[in-house]
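Two complexes are shown next, each including chain A; its partner changes from chain B in the first to chain C in the second.
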Partner chain A sequence: MIDIRRALLPASVFAGVIALVEAAVRLDLTPATIAAPSVVAAALIRQWPLLWYHLEPTLLIAVTGFVMALAISLAAAALAYVFKPIEASLTMVGTVLDSIPMIAIAPVLVIWMGLSLPMRITIATIICLFPIFVAVLQGLKSAPGTAEELFTNLAATPLQRFRLLAVPYALPYLFVGLKIAAPLAILGALIAEWTGAERGLGVYMLNAMFSLRVIELWAGVLVACAVSAGGFMIVSLFEKLAVVDNGHRGAGA
Partner chain B sequence: MSAAAAPRRRSPFTGGARIAMERVTGFAGLILVIALLWQGTVWLFDIPRYLLPAPPAVAAAFAGHGGAIGGAALFTVVCTILGMAISLVIATLLAVAFIASESLSRALMPLIVLIRTVPMIAIAPLIILIFGRGPGNSIGMVALLTFFQIMLAAKRGFLSPSPNALEMMHTYGASFWQTQLKVRVPFAIPYIFTGLRIAAASAILCAMFAEWLSGAPGLGRLILDAYSTQDFPLMWATVLTSTFAAYMFFTLTLVVERVVLDWSR
Partner chain C sequence: MEQLSVRDVSKRFAIDGRSVEVLSPTSFSLAPGEFGALIGPSGCGKSTLLRMIADILPPSDGSILIGGHEPARARREHEIGFVFQDPTLLPWRSVLDNVRLPLEIVGKGGPVSGATPEELIQLVGLSGFEHARPSQLSGGMQQRAAIARALVLSPQVLLLDEPFGALDEITRHRMNMELLRIRAETHTTSLMVTHSIQEAVFMADRVFVLAARPGRIVDVVEIDMERPRKLSHMNTPEFAHLVERVRTALFGDALGMLDE
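The block that comes next holds the complex of A and B.
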């Protein structure tokens, strides 16, 4: 839970910065590209229907991509857990995929799949894939040697070993990966929309940028930031639930 | 040079050079394997040129547009290095300030952690509006993106010396800066390099993103230009170059880290 007193100081610093920017804009000290916070807030409220219209597809892409990346990572990591020899090659393929710039993948995907919803979801999936995969893989190997030995001594079946030992220990790691991936999913959706779309938060931001509508751009960026921070918080919430459920076993990792 | 002072010791550059060699060879090998598989696939399935140009076409694009690719790569790499250098200086200074003042750290750290959850590329359009469409925009993007990772790593590093070492400095009446230079900085170096390494891989991609949206003459725009003129061999050649650049940038941080560590040992 958030400690009110601990939050007070950063909150007042934040409010102070906002007030400073507001004053600077009012006194005409800032370049034209900095919008007054009050004006941006007003624009957020006034333009909310339009913003929501653009936000909807972005959220859809981000959530679908995130879920698909999770499913693929879990399957691949489980596969690597069962067939140890393929682990190195899977990681290698993942590393190479991850080091290809997304900006390079995007045009190629556009050629292959066209400017379509599946293409955008694929981009969001790819961008989330590696952090989750690495986290799960590391987590599945994180059980301490003594616990491994205990399972060997008790003649646990491979399935029991996986279900009762590897998976509980992997959970905290999984959530580390998910927390990295959640904002990335939003980013992936934005990038996908920058490659060309008629509707989406990324489109809204680019249109505002190209037509120099400073206030709208600030509003769009704020919404993007809020959504990615929100994704992070939702995952953190799930983590709290899962770790309570997991009890003392998760605490060891 | 330390090699002259201690003849039995290796020069600090040998370790770094070996890492660089290994990684470049590994990359070349991987590219070769991929090129062979690629060529095989193109032959086997008779893939049309616009979907996936064959490696020879990409190689020809390299030869034909070498100057353009090289110039674009240079622009991107210089922007990235400048951005990272700026970010490194500011981040380290701020980390020192956080170490010096507990209340400053308490006031700003929660905000920094909050901001860090936002992917910096998402605010690229805003940065382009503020910094304009030239190199300043790429540099600003890279600096912003790498700043948080380096700052947090530096802070963790400055906090890493054992209490014993700090107490000893205190007992001997060392000043704040003496403690900083003699204890905290040496302890922090590996941490800072870890931060740099994490930041390096994403930094160059981030610079390319900035160019992609802003139109500054780097690798990002070259990919986009090649795509819009349907020059797919050139596009793939640029993609390959950018992957190589990102990979080499990561390698560079490994090499520098190795050299610095060998030097200080």
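The block that comes next holds the complex of A and C.
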């Protein structure tokens, strides 16, 4: 699955950078805001129960938001595909929604929905919505013109055209959208938690920031990165299972 | 009775608010089992004509009958097979599943086919590649699968839109021979659009020569060479003479000018 030789170079570059930072900190060449990777790693292990306590709600928000965005996007894209006239309005609403900075609309949602779990899930959902919707809609329309003509020639019903042609062609596009959305879901959850919460990775990081606990802050950053990358990798894994043909995947990904 | 009849069919497109005549009123017909070739320069409306016969595009005027039926009915009853220039195989399906696609769309209530997908795959010479994916096949093999797919519902009329236009000349000759062999077995009335004069003469019983702007038939050349056609026919003076006739019809008076 994963070509080890191809992963070797980036991995060694990464390890090299880590070693360099470690050396720089030990030689006292860096400001106090940079923590030695070894110290951060130790803190990560030591503080793991606390980190997990905070990570749990963040994951719940991100995953729920992601899944809801997926469901809404699929429904909206299918609707826009079937009823062509509403495509433009749906796309416009999506564009407007997407161009509002999440950090700006979060306070509005707090007033509407209170400092609640549904509010945080809503933020994660909104931030994931547009990339998935646009990708799926584009994918549904990505079948080549002659394939559309073939289905006309075969007198296929609209449902057959959708099921046998549009959906399979949309699949690689869907995964492009999901790969963009997975890290965004974590970002959305963190932003939501920054507006105020009792638990959450965002809360943990805010606490560390305000009390200038640099090492813990870095541990939080590391966990956020790992979770984002993890989400991306899980989506990639599903993509490998769902999108079979390489030649086909080339069209979308 | 005529298997395919085209009467005064024309096509106008609106381009930048202007109505542009792509095809002037055009008439011709094909007898059952006949092989017609449409040849002409780009923009002469030959692909458009093919799509109007297939009921993919509506004609602006005129009437088309396939086995006595309107194109819309003929299409619904799967009497028209279509082979595109691009093989247009679904990349996630195997060869067999691609050839089966029309049966899947027709469902159980559809017409009973003369040949099974497996038999057709054998007929087009793809035995052993049933479970290969299109991306694993060469362009010529992909087009063979597309031909098998077009024949799986036993259509009355087979329409081919430059089916081998993207292939190299050697493969194209071979594919043309194969197509003639397949046709000799299925006796399907066929209409092929092509850019190649030699291909048109080699394949067809009649060559319809079109001119552009607006598209119109300027000449019909009867090809009375014996069948089955052999590649060696291409070396005969008779063949050269027919090619010459089509070329003259294509270029008309400009032929002399181009020589100078």
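Of note:
Basically, the second predicted complex is superposed on the first by the 244 of 253 C-alpha atoms of A that agree within 3 Å, B and C clash if a C-alpha of one lies under 4 Å from a C-alpha of the other, contacts with A are read in each partner's own complex, and residues count from 1 in each chain.
By our rule, a contact is a pair of C-beta atoms (placed from the backbone, for glycine too) under 8 Å apart; a residue touches a chain by one contact, two chains touch by 3 or more.
What you see is a predicted model, and the numbers here were worked out from it, not measured in a lab.
When both complexes are overlaid on chain A, the residue A:A24 reaches neither chain B nor chain C. Once chain A of one complex is fitted onto chain A of the other, the partner contacts of A:L164 are limited to chain C, with no touch recorded for chain B. When the two complexes are overlaid on their common chain A, residue A:L9 makes contact with chain B while staying clear of chain C. Set against each other, chain B and chain C touch different numbers of residues in chain A, with B touching more.
After overlaying the two complexes on the shared chain, residue contacts for A:A104 are found with chain B alone; chain C is out of touch. When the two complexes are overlaid on their common chain A, residue A:N153 makes contact with chain C while staying clear of chain B. Residue contacts after overlaying the shared chain place A:L212 against chain B, while chain C stays out of touching range.
After overlaying the two complexes on the shared chain, residue contacts for A:W112 are found with chain B alone; chain C is out of touch. In the superposition on chain A, none of the residues of chain A is touched both by chain B in one structure and by chain C in the other. Chain B meets chain A in the complex at residues 30, 50-51, 103, 106-111, 114, 117-119, 121-123, 125-126, 128-130, 201, 204-205, 208-209, 212-213, 220, 223-224, 227, 232, 235, 238-239, 242-243, 246-247, 250.
Residue ranges of chain A in contact with chain C, taken from their complex: 144, 146-147, 149-156, 160, 164-165, 168, 243-248, 251. Within the complex, the chain C residues that touch chain A are 51, 54-56, 75-76, 78, 80, 82, 84-86, 88, 90-92, 101-102, 104-106, 133-135.
Of all the residues in chain A, the ones that touch chain B in their complex are 6-7, 9-10, 12-14, 31, 33-34, 96, 99-104, 107-108, 110-112, 183-184, 186-187, 190-191, 194, 205-206, 208-209, 212, 214, 217-218, 220-221, 224-225, 228-229, 232.
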